[in-house]
Amino acid sequence: MGNTPIDMQLLNACAALLLLLSFAMLSQRRVVSLVNLLAMQGALLCIATLLLAWRTGNNHLYFSAALTLGLKVFLLPWLLHRLIRRLQVYWDTEPMLNIAGTMLVGLLIVVFAFGLAQPISALASTATRSAIGIAVAVILLAFLMMITRRKALSQVVGFLSMENGLFFGAMSATYGMPMVVELGVALDILVAMLVLGVFFFQIREQFDSLDLHHLERLREDK
Amino acid sequence: MNFSELATQVLEILAALAAAPLFLGWVNQCRAWLQNRSAPSLWLPYRSIRKLFYKDAVLAQNASALFRIAPYIVFGAMTVAAAIIPSMGTRMALSPVADAIALVGLFATARMFIALAAMDIGTAFGSLGARREMMVGFLAEPALLIIIFLASLLSATTALPAISEYLATQPLALHPSLAFTAVAFTMVLLAENARIPIDNPATHLELTMIHEALLLEYSARHLALMEWAAALKLFNYACIGFALFVPWGVATGNGPLQILVSIPVLALKLALAGAGLALIETLSAKLRVFRAPEFLATAFLFAVLGLLVHLLLGA
Amino acid sequence: MTSISPLTACLALIALWGAIGLAGLLRPASLRFAGRALFLLGALCGLSLAGVAVWSLGMPTERLVLPLGLPDLPFHVRRDALTSVFLFLLGMASTGISIFAAGYFRKGTGASPGLLCLQYHLFLASMGFVLLADDAYGFMVAWETMALSSYFLVTTQHRVAEIRRAGFLYLLIAHLGAMAILLCFGVLQGGSWQFTFDAMRSAQLQPAWATIAFLLALFGFGAKAGLVPLHVWLPEAHPAAPSPVSALMSGVMLKMAVYGALRVTFDLLGEPVWWWGLVPLGIGLFTAFYGVVFAAVQTDMKRLLAYSSIENIGVAFVGVGLAVVFFGTGLKVLGALALVAALYHCLNHALMKSLLFLGTGAVLHATGERNLGKLGGLIHRMPWVAWLTLIGALAIAGLPPLNGFVSEWLLLQAFLFADDIPHSFINMLIPMSAALVVLSAALAGYVMVKFFGIIFLGTPREASLSQARDCGKLERLGLLWLACGCVALGLLPAQVIAHLNLVAEELLGTSLPSSTSSWWLLAPLPERQASYGPLVLLMAVAGVVALTFLCVRLFYHRRERRGPAWDCGFVRLDARMQDTAEGFGQPIRHIFQPFFRIERELPTPFDRAPRYRVTVSDRIWRALYEPIGSAVQWLADVCAFLQQGRIAIYLLYSFVTLIVLLAVML
Amino acid sequence: MEFLLLLCVPAGGAIALGVLGGRRRAPELNVAFSLATFIAACVLTARVVSEGNLLLFREWFFIDPFNVFLVALTAFVGLTTALFSRPYMRIEMEHGRVTARRLRLYHAMYQLFMLTMLVALTTNNMGLLWVAMEAATLSTVLLVTLYRTAASLEAGWKYFILCGVGIAQALFGTILLYFAAEKVLGAEGVTALLWTHLNSVKGQLEPAVLGLAFVFLLVGYGTKVGLAPLHNWLPDAHAEGPTPISAVLSGLLLNVAIYAVVRCKVLVEGSLQSSLPSQMLMGFGLVSVVLAAFLLWRQRDIKRLFAYSSIEHMGIITFAFGMGGAVANFAALLHMTVHSLTKSAIFFTVGHAAQKTGSQLMDDIRGLVTISPTIGWGLMLGTLAILGLPPFGVFASEFLILTTAMKQQPWAAPILLLALGVAFAAIFRRVQPMVFGETTAKRLPHPPALLPVFAHLAIVLALGVYVPPYLADWYRAAARLIGGP
């Protein structure tokens, strides 16, 4: 790695940190911290995008970075914090699988993700191709997090983390999607968050809590 | 259809009508002798039929037309059956009209009408008799048909005269299969004609009777026809037996001489058969009604065994 | 204008049936219009169809392609001799039934007359189209429409839970059967992937596949026909339907199954293998026997008839199986004989069973009772119905000189000469089968004595029966039509067989040597010397009867008195002392005990109000259908376990799916 | 022009109804917008008939035989559902289950939902397709929770999360697709995401990447299709939302999702040169059919029952597309058409029935024929149609699918038939007592709006015996496009 340019080294560091953050989220039980970790993930993404934009001179990546900054670092975490305050949910209950177990499964997933990304990376011509595996790992870890969490809010955080992974994947594989699509995606996520916000209030109103075990009535094995 | 066939036909019908009560009388006489009783007259059946014809009829209040026409139909069916069975000659005018299967069908028709007529009045005995009669019938009929099948297989036809002719003209040979079926046939004959192991023709003991229960409500001419038809049925069965198992002596041509010869032969066969029947009746005891199916199942089994033996040995 | 061919005429008549049905919706509430006039028109249509069918019988095969259906598979229609025979059956039976129905439906019985009219005529039209269809799609459409329209007719009285259950069972089994038929067509096309029947005819199937196709067809058509063990719907659905519909279903619809089996076996499969025939033969025998034994213990008159239909369809399948065996072993003439016997039996059963069902309908209308234990003595109140039904009962009992006997006779003839089959074991089995057929036929006599005797003879078992009235003119006409058909088919078998022979010629390539002797004599195999002349037989019996009657009248006629019944001197006779339906069935229950599942409730000596109850039910229901039902339920429970309502589990499913698929893709 | 109208009318409708949606006459307004959309769709269809395929707006949108009939179908069912929802929602208001505010939301979202589906169907851009699919989820999720009951919230939440996560996978699939296409088509502009371009170079796309992309896309859009075991949101969402929404979800959204899957499959199969994608589709299809058939057996809620039936039919369609080839594709397209018409018709009658008896539990619904013959017969005929009884069109397509299955996948045909048999028994034993039988409910004074029901059923019936030539031609052309072995 000695002759890797500094910006690339930075990029790889960002990628590694993203993965680390994913693991951190997996083990985190405080909802507030989860949101903070999410925001940090967004920030890292933003930095990575900027680095990439600077390196490739791709103008629309600057725009993407700005979008990420606005949406994922400020707007969404802010919205989530607001929700947490309004809804008074600070702690997630014990996850389905204990933390150690989750981490172990997460590790296996990372191995799988790297294996998965191998053929893709081999074909990629981008400078960041080695990061594709990390993007896949982030996505799958977020998935895992959604599976193991019992609070609606932490599930949402997982969902957003998955979105981050996707964004990072797009970035590292193809230097981002076309502008219009990216805008559409961003808009969708924003709307999704708004809808979620409405949802939380409705759920809260109905059940007095955001615990997911209230939402287990519609089933077949009665 | 030439004249001699027609003549044979008419002769056979008349002979059957005339001889049937006589045969019945003969069986009764033999039975009485065998049982050490003083025998009734040989002509008693004629006399009782005549007596019945001269009486006023009493019909139950709710008897329908079916009740009244049934005796005629039964009598008609038995008469026509007699016309089909080659008792004396095998060349008869009506023989192409009905084969052995149709013969069984005719018997079944008669049975059905008797049973329906018995149910018509709505008495407990009538329907009981009808039920039992039909029970015996549905078990006896297949056995009879299997017996006839065997003969048909031997002779490759179902026409009774042709079977008889075939068997009569064959060189004398042992047919082990026929031995089985002969036993079966005897059993069917006993059952179908309300003879002893199944029914007692001489009893009105209510719990056991079959045939008499069917006729309980009949009187006078209707009863006479029914009794006559019953005698005809016995006669017919005997003749079927002759045609299948002892066809020798039957006229296989058209000559008047052959027919003339066949008359005493038939009389001899009838006399022997009557005696044999009486013997069987004397030697056996009346079965409970519930045992009747077993009896008939045995008959059926024998018939089938005969068939199998035939198929196995080709004889 | 081009000349009308029989095929176009048939299509037009079938379309007319459809149009009549739709016309019923114009004034659905009007009984006079939708319930009477249109039904009479439908009867006329049926009569014309029968006429066209007879007219067309000798004509060469015709084909036509209709501009309907799937884009690549338009409806093909074809008329050949087999079709014509069944069209004749449909036309003949439906004429009588429609006339009867015109007088039958009353106000306030469930569905509106218009709806009934629509369903009824749609039913008829679909049956007609089943016969004409010459491609798998058209056939299936008609076949299922037939099932559907009859389902609606069965559930006319849908407020009764039992009837709904019956309808459900019926449609379910019909649908399962249809699926088997569909699979059968899928096999039959044999790699050409053309679903016209022509393609199937020319397809060369491997023997194993051909066998599978045959078995599938047997399952599919057997479900419709009511072969044991697929018969369970029949005794439920037939009693549930209004009587004209029962008549149509039992008399005509079941024959469509026979038609289908014949079409597939002899036409589409081409060269059946001889041992295939053993399957329908065996099943048919068992079905015949099973049906009649159960018929003997029924207490509901329509259920009794339904079981009797099972018996008769079994007999028809015996004929089909025998035909296959003979044909496959090269005994083509005997094959033709068996085939003709089966066809004849279908024709007979269509008429006589319709007659009997309509008779029960008339009784039902007059008394409101289906239970045999509450009927009796109706011959006095309803002479028309009673005497005409008697003809049907005698015919179905297989008594000469009526039609039921003819087909039985033909079948037995076929059985008897089976000894030419070059397989000695089969050779032995076949006469045994004949014994079973005869046993069933004899039992049918038992059943019919029970049926007729308990309903019409004796004294009324209920006081209300004295109010019963004979049926109306149209109903009488319908019954009369069918009864005449029974008699005609019974008396003129040679003519009928001459026509049925064309089918044998077409399907087997051989026909019976024409009976050269005379027109009144039935002698299908001249060299066998076996012959049957019902007309002369009838004349002989009638002659003897007339002569006897005359003699008695002339010489011995004495006074006739009416008095109370003698009954061995028992005086306090009442109607309840007659044999009941249960009592009449007792010997059968006793003899064939292993067939039934019997539940008895016996009183103890100390009971204040002693009650005796016995129910007889089908073992097959317990042995086959209930396990299937619980297996499905169990599987459903297993599937339901997957869905526990927890979103995390659901996410896990997605996750695992994703991982597995990715792993597969890698 | 027509096309612009097609998209602008619902967009305008969404805005207008977002303002006026709570007014008394809002349902009529909704119908008017839907009608306008339908007319635009008809004109567009006519134009396609006369001029052939269209590429619009710098190739961002396109109309080919595969989507033209879906557009027409979507607009048509949108219109009939609007017609149905007019009296339905009014009665719901009278019963006090929805307020004017929620009605406004309902109407606005309804139009928005139509818009997203039309965009998803007509767009040429795979990215935009994704955006539209996600937007379709978002616009309906609040409709599912319209009643704010506990169950509807749960259903909505599951719908949102499961579909959201699913669709996120689809986004990754799209990224991978773009990644592969970029190599061939270049990164400049958006051509690398345009389906028509992708389709023309599909042979050169990197198979390994496309294979992975397909898995993500299949899991993603497959979740929306309701393929087992990704289907779990579907019965809940269908059962708890207002019935008009159930009708469009089942009748239209699932179609759109399957459309997306098939578009992806075409590309992937062209690149991959293996039958793996087809086998995956068949596997999903078969599992869905079987699972749904057995789950149908246990249902108590009428809307859940038909939701599972939708899963079953989606399974059949997916299976057919998996088999591929001219006949199976044709049949699958036909099945999409008739299923969506029949299922929405069923939901219309179900809606009325549940409204009249005040319960969605099947045990509470009895004797519909007596209460209202039109509802009763509508439900009965609709059920029979969906169960694949001829002469309804569902049978036609099932016939073709089954016969093709016998040809191409003989092992699967008996399984399919068995599952269909189980489904038949399961559904029919429930529907029969609902339609027939005794009831205590009184006959209702005002007749329900059942024109949509019978219009749908009439079309389905007609398709069973006669497929119009131009429709058949579209199907054939689309079937060729989709290809397969």
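As written, the chain order gives the labels A, B, C and D, with residue 1 at the start of each chain.
Going forward, contacts are C-beta pairs under 8 Å (C-beta built on N, C-alpha and C of every residue); 3 or more make two chains touch, one makes a residue touch a chain.
Everything quoted here is computed from the prediction, not taken from an experiment.
Asker: Go ahead and name the chain pair joined by the largest number of contacting C-beta pairs.
Answerer: The chain pair with the largest number of C-beta contacts is B-C.
Asker: So, comparing C-alpha centroids, which chain is the farthest one from chain A?
Answerer: Of all the other chains, the one whose centre lies farthest from chain A is B.
Asker: Which chain is the middle one, judged by CA centres?
Answerer: Taking the mean of C-alpha atoms per chain, the most central one is C.
Asker: Report, in whole Å, the distance between the mean C-alpha point of chain B and the mean C-alpha point of chain C.
Answerer: Result: the chain centres lie 35 Å from each other.
Asker: Just curious, how far off is chain C from chain A if you go by their C-alpha centres, in Å?
Answerer: About 70 Å, centre to centre.
Asker: How far is the middle of chain C from the middle of chain D, if each middle is the mean of its Cα atoms, in Å?
Answerer: Distance between chain centres: 44 Å.
Asker: When the centre of a chain is set as the mean of its C-alpha atoms, what distance in Å lies between chain A and chain D?
Answerer: 31
Asker: Send over the residues of chain A in touch with two or more other chains.
Answerer: Where chain A meets two or more other chains at a single residue, that happens at 116, 119, 143, 146, 155, 215-218, 220.
Asker: Residues of chain D that contact two or more other chains, please.
Answerer: Where chain D meets two or more other chains at a single residue, that happens at 157-158, 161, 165, 212, 295, 298.
Asker: Judged by the touch rule stated earlier, which pairs of chains are there in contact?
Answerer: Every touching chain pair, ordered by label, is A-C, A-D, B-C, C-D.
Asker: Quick check on the complex: what are the chain D residues that touch chain A?
Answerer: Residue positions touching the partner: 125, 127-128, 130-131, 134-135, 138, 141-142, 145, 148-151, 153-158, 160-161, 164-165, 168, 171-172, 174-176, 178-180, 182-183, 187, 189-190, 192-193, 206, 208-209, 212, 235-236, 239-240, 295, 298.
Asker: Inside the complex, what are the residues of chain A that reach chain D?
Answerer: Result: residues 116, 119-120, 123-125, 136, 139, 143, 146, 152, 155, 159, 162-163, 166, 169-170, 173-175, 177-178, 180-181, 184-185, 187-188, 191-192, 195-196, 198-199, 202-203, 205-207, 214-218, 220 of chain A touch chain D.
Asker: Can you list the residues on chain D that touch chain C in the complex?
Answerer: 157-158, 161-162, 165-166, 169, 211-212, 214-216, 218-219, 223, 229-230, 232-233, 276, 280, 291, 294-295, 297-298, 327, 367, 369, 384, 387, 389-391, 395-396, 399-400, 402-403, 406-407, 413-414, 417, 420-422, 424-426, 428-429, 432-433, 436-438, 464-467, 469, 472, 475-476
Asker: Which residues of chain C touch chain B in their complex?
Answerer: Against chain B, the touching part of chain C is residues 376-377, 379-380, 390, 394, 397-400, 405, 408-409, 412-413, 415-417, 419, 424, 427-428, 431-432, 434-436, 438-439, 441-443, 445-446, 448-450, 452-454, 457-459, 517, 521, 523, 528-533, 536-537, 540-542, 544-545, 548-549, 552, 555-568, 570, 573, 575, 577-579, 583-584, 586-588, 590-591.
Asker: Along chain B, where are the residues that touch chain C in the complex?
Answerer: Those residues of chain B that touch chain C are 53-64, 66, 72-73, 75-77, 79-80, 83, 94, 96-99, 101-102, 105-106, 108-109, 111-112, 115-116, 119-128, 130-132, 134-135, 137-139, 141-142, 145-146, 149, 152-153, 156-159, 162, 204, 206, 216-217, 219-221, 225, 290, 293, 300, 303-304, 307-308, 311-312.
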